[in-house]
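Comments concern the structure below.
As written, the chain order gives the labels A, B and C, with residue 1 at the start of each chain.
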Amino acid sequence: MKVTVIGGGPGGYVAAIRAAQLGGEVTLIEKENLGGTCLNVGCIPTKALLHSAELYEEAKEGAKYGIIATDVKVDFAKVQERKKTVTKQLVAGVKGLLAANKVKVVKGVASFIGRDVIEVKTEKATEIIKADKFIIATGSIPAKPPIPGIDSKQCIDSTGALELHEVPKSMVIVGGGVIGIEIATLYSALGCKIVVIEMLDEILPMMDGELTKMIRAKLAKKGVEIFTSTKVMSFKDAGGNVEVTVEMKDGSTKVFAGEKALISIGRKTNTKALGLEKAGIANDRGRITVNDKMETNVSGIYAVGDCIGKIMLAHVASAQGEVAAENACGHNSVFDSKTNPSCVYTKPEFASVGLTEEAARSQGVDYIVGKFPLAANGRAMIMGEDGMIKIIAGKKYKEVLGAHILGPRATDLIGELALAIGMEATIDEVIATIHAHPTVAEAIREAVLALEKRAIHVVDR
Amino acid sequence: MKVTVIGGGPGGYVAAIRAAQLGGEVTLIEKENLGGTCLNVGCIPTKALLHSAELYEEAKEGAKYGIIATDVKVDFAKVQERKKTVTKQLVAGVKGLLAANKVKVVKGVASFIGRDVIEVKTEKATEIIKADKFIIATGSIPAKPPIPGIDSKQCIDSTGALELHEVPKSMVIVGGGVIGIEIATLYSALGCKIVVIEMLDEILPMMDGELTKMIRAKLAKKGVEIFTSTKVMSFKDAGGNVEVTVEMKDGSTKVFAGEKALISIGRKTNTKALGLEKAGIANDRGRITVNDKMETNVSGIYAVGDCIGKIMLAHVASAQGEVAAENACGHNSVFDSKTNPSCVYTKPEFASVGLTEEAARSQGVDYIVGKFPLAANGRAMIMGEDGMIKIIAGKKYKEVLGAHILGPRATDLIGELALAIGMEATIDEVIATIHAHPTVAEAIREAVLALEKRAIHVVDR
Amino acid sequence: KAAAVTETGRIKASPLAKKTAVDLGVDLIGLSGSGTGGRIIQKDVFEASENHEAQTAVQK
C-alpha cells in the first residue's frame, strides 16, 4: 500500500510512522521543518521558554525555602539557545524515527493535481507522486484579523513572540486563549508588563470558569492586566511602541501602549496551497471535512490535525494521525475526543478533560460537583503552590464526566481522569484506588470523595 | 456507636474522621503529636527538606537554562524553619479537621485493661475509656539493631537526620531502603559526602530492579557511594566522626568514617505499651494480626497502619483506617493492596505500582514488558531530566499488572496506572486514552504501545 | 461488535455499564460490547434495554 502524507507536524509524522508500522510504503512531504508547528514554533518552544521562566521565578523566591541566591539574572540569549537545543534535538529525533521506519521524506510544497496524484515543488524540480492513499496534515497558521494598523512592525504573532531577542518592557496581548495566556505567563515572569485584551467575556473559554477565575486572580497578582469583553479597534506604530486602541466593556475607548503587540486571536487552517478543488475534497472555507474515521469525501484521502479546523492540539493531531493511518492500511479505527485533555502551562498548571460545569449545565446534564482545594494538600504546600481540583460526575450513576485541575503538575495529573472517563469509571473506582502520599494526586481522590461529602482533608458540609 | 481510636497518625486520624462521618461518637488518643510519624518526623518533613534541596540544585544549574545566579547558598536554618512551618500547618490542619468532625482528642498514652476498656495516662491523671469499638493505629518506631557501638552519639535515626542543625560533611547511611535513599538524596544534594551500606544485594528491594539500577547510577554520578551485599559489624565513636566497620561482599573488612551514621534498616511496630495481652489481641512479636477487614481476633477491635507490620506507608495506613472505620460503623469494607503505589523521592522521582518484573517472574506469571525511555520525551527533555517508564502486562489478555516510573513527576504519574490496575484495564484502554502533549504522561501511552511493538517515538524492533 | 465474555467467563463491561444494567434490569450476559476491545459500555446497555422494550411491546 502506497501512503503519502502531506505535512510533517505531529499529525503527519505520526500518521507516517503508524502507516509504516502497518506495512505501508510511506512518503512524507514537508515544505519546511519536520515536527511542524508543534516542535518548531508551538508547543515545545513555548514550554522550553516557560521552563526557564519558572526556574527564574523559583530562584528569585528561593529564600522562602532557605535557598539564597543574591543576584539572579536572565540571560535571554541563553534562554533562547536552550530552547533551540531542545527543538533541534526533537526535530532530529523525528527525522531519525522516520528514517528508522523507512518513511521517505521529500522536502517540498505538495498540491493535488488529481484524485490520486499530487505534485511536489521541491527546491530544484517538480515531482509527481501517485499513491493509493493520501493523509493531509498541513496544519494551521496564525490568523491575522483585518484590524487597521495590524501591519505595524511591533505587531507580532506567536512565532514572533517565541523568537524575540530581548524581553520587551511591555506587551499588549490581543486574545486570551491558550497561546495568549501562556505568552503572558512567560514574559510577565521575565519582567515584561503585560496587558491582555479579550473580546469574549472570559479568557480560556474552553476551561472551567470557576478555575479560570482563580488563574486570572493569580495572573493579576503578578501584574498581568486582563480586560475581557474588550475589542481591539486599531494599532498605531508610535516609534518604539505600538498603540492599541480598544473599545472597553462599557463602550469607552482606551489606548494601551506596548513595545510589542501579540496577535493571538486564533489560527486558521493551512490548506490554500493544497489544490483541494483539484481532487474534489470537500471543505468549509479551507477546513477539510472529515468523518470520525478521518476520511474526506474522496475515498482514499484522509485529513487530520489542525487542517480540519476542529480541535487544534498536537495530541489530537497525533491521535487522528494514527486513526487515519490505520484506516488507510485497511484497519477500522475511529477518533473519539472524549478523553482529550486541554492543558494550559500557567503557573501553576491548568488542565481539563471532559465536561466543564458550564458545558454540563448548558447540555442539561444532571450532574454533581466535588472540589478539593490544593491549599489543603501537603505536597502542593511543600511546593509553595495552591489551586483546586474539581470533578463533575453524573448525578444518577456517578460516572466521571469532567475533571479540572489548577495546580502543580496538573497537565500530568489529568491523565488519570482521562483514563477514568475513557473507561466509563464511576467515582467508586477512583475512590477504591489508593493514591500515594504525599502527592498532588491524593487530591484527586479527595475531590472525588467530596462528591459524596466524605472528603477526609477538608470539612464537608 | 462509641469508637475509640488509639494513635493520631495517618492511620488513626483518618479512621477517626471517617468514623465520625458515619455517625460514630469518636475519641482519639494521641500521646505526642497529631499527624503521627508521617506529618512530624516522616513523609512530610523529608519531602519539605528535599524540595529545598531540589531548588538548590536547580538554582546552581540554572545557567544551562539561561538563569544565572552567581552565589547560591543554603541557609540550612531557614530550610529547617520552612520544614517546620509546613509540618506545623498540616498538624494544625489535622487538629481542625478532627474538631470540625467532632472527634474528641485526648492527649495521653493508651493501654488496654480489658477487652472493651483502656486506660489513658494523661499528664495529670489516668482516664478509663470504654467503647464499643477500638481502632489501634499506634504506628512504628525506628528499629535499632544490636550492633556494637550503635549507641555512639553520632549514630542517628531518621528523626535525628531530619532535625540536624547543620549539613554534615559526611554521612554513612546504614540501610538502602526508601528512607536511607531519600536521606542520601537530600544530604548529597546539600553537599554531604554519602556512603550507603546495604546488606541485601540491591537497594530499594521492592522496586523494579532495572529502574533501580538506573537510579543507582544517577546517585553514583552525584557522588553517593553505594555498597550492597555489605554488612555493618560495628560503630566506633572517633571524636568528630563515627567509624563504621563493614564486611564487604568479598568478605574483606573496610572502615568508613562519617560525621554521622544514619541507622535506617527498618521500623518496628509500636505496640509494647498497649497491653495487647490484657485484651487478648493476637500478634506476632508485636505485629498485630488482622484480616482484610482490619479486624483483630477480638471482635470490635481493629488495627491499621504500621502497627500491623505489613506495608509501612502512610497512604496504606489511611486506606486501612477508612476500612476499619467503615466496618466499625457497621459497613462492610475490605482492604485491597493491589492499587497501592510505592514512591521514592529521588531526583528524578521513582514510583511503582503492581508487579515488578522480578515478582512477575518469581510468581510464574506469563507477562510481557513495554518500555519507553524518557530521554525521548519532550517534556522531560525540557526539564533536563530523563528516566524510564516500564509496564508489565499479562501475556494473554494484556491487562496492566505493574507499572514502574523513574522520571520527573513519577509519584503523581503513577496514579493513572494504579487506576488502570484497579479497574483491570487492558492496554487497549490506556492506548485509547488521549494523552496531552507535551507532558511526561504521554510516555505512559508510549510504554504501553511498546508492549505491542508499536510505540511511535522510539524505534521498536 | 465483539462478544464481551472472556474465556474465563468474566464479562468485560465498564463500571457505568454495570450500574446502568442493574438499574434497567438488563442482563449483561450475551450482550456484545462496542467499547475498546469489545467492552460493554453504557450505550450498549441502553440499546439492549430499548430493544428489549421494543420486543416486549411486539409480544404484547
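The working rule: contacts are C-beta pairs under 8 Å (C-beta built on N, C-alpha and C of every residue); 3 or more make two chains touch, one makes a residue touch a chain.
The structure presented is a predicted model; accordingly, all values stated were derived computationally and were not measured.
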item	value
Arrangement of touching chains [line / ring / star / complete / other]	complete
More contacts between chains, A-C or B-C	A-C
Distance between the centres, which are taken as Cα means, of chain C and chain A, whole angstrom	37
Separation of chain B from chain C, taking each centre as the mean of its C-alpha atoms, in whole Å	42
Residues of chain B engaged with two or more neighbouring chains	423, 429, 432
Multi-chain contact residues (two or more partners), chain C	15, 36
Footprint of chain C on chain A - complex, ascending	396-397, 399, 422-426, 428-429
Complex interface listing, chain C residues touching chain A	14-17, 19-20, 23, 35-36, 41-42
In the complex with chain B, residue positions of chain A that touch it	10, 14, 17-18, 21, 38-39, 43-44, 47-48, 51-52, 55-56, 58-59, 62-82, 86, 89-90, 93, 96-97, 100-101, 313-316, 318-319, 322, 336-337, 339-343, 351, 376, 378-379, 381-383, 409, 411-416, 418-420, 422-423, 425, 429-430, 432-442, 444, 454, 456-460
Chain C - residues contacting chain B, complex	6, 15, 36-37, 39
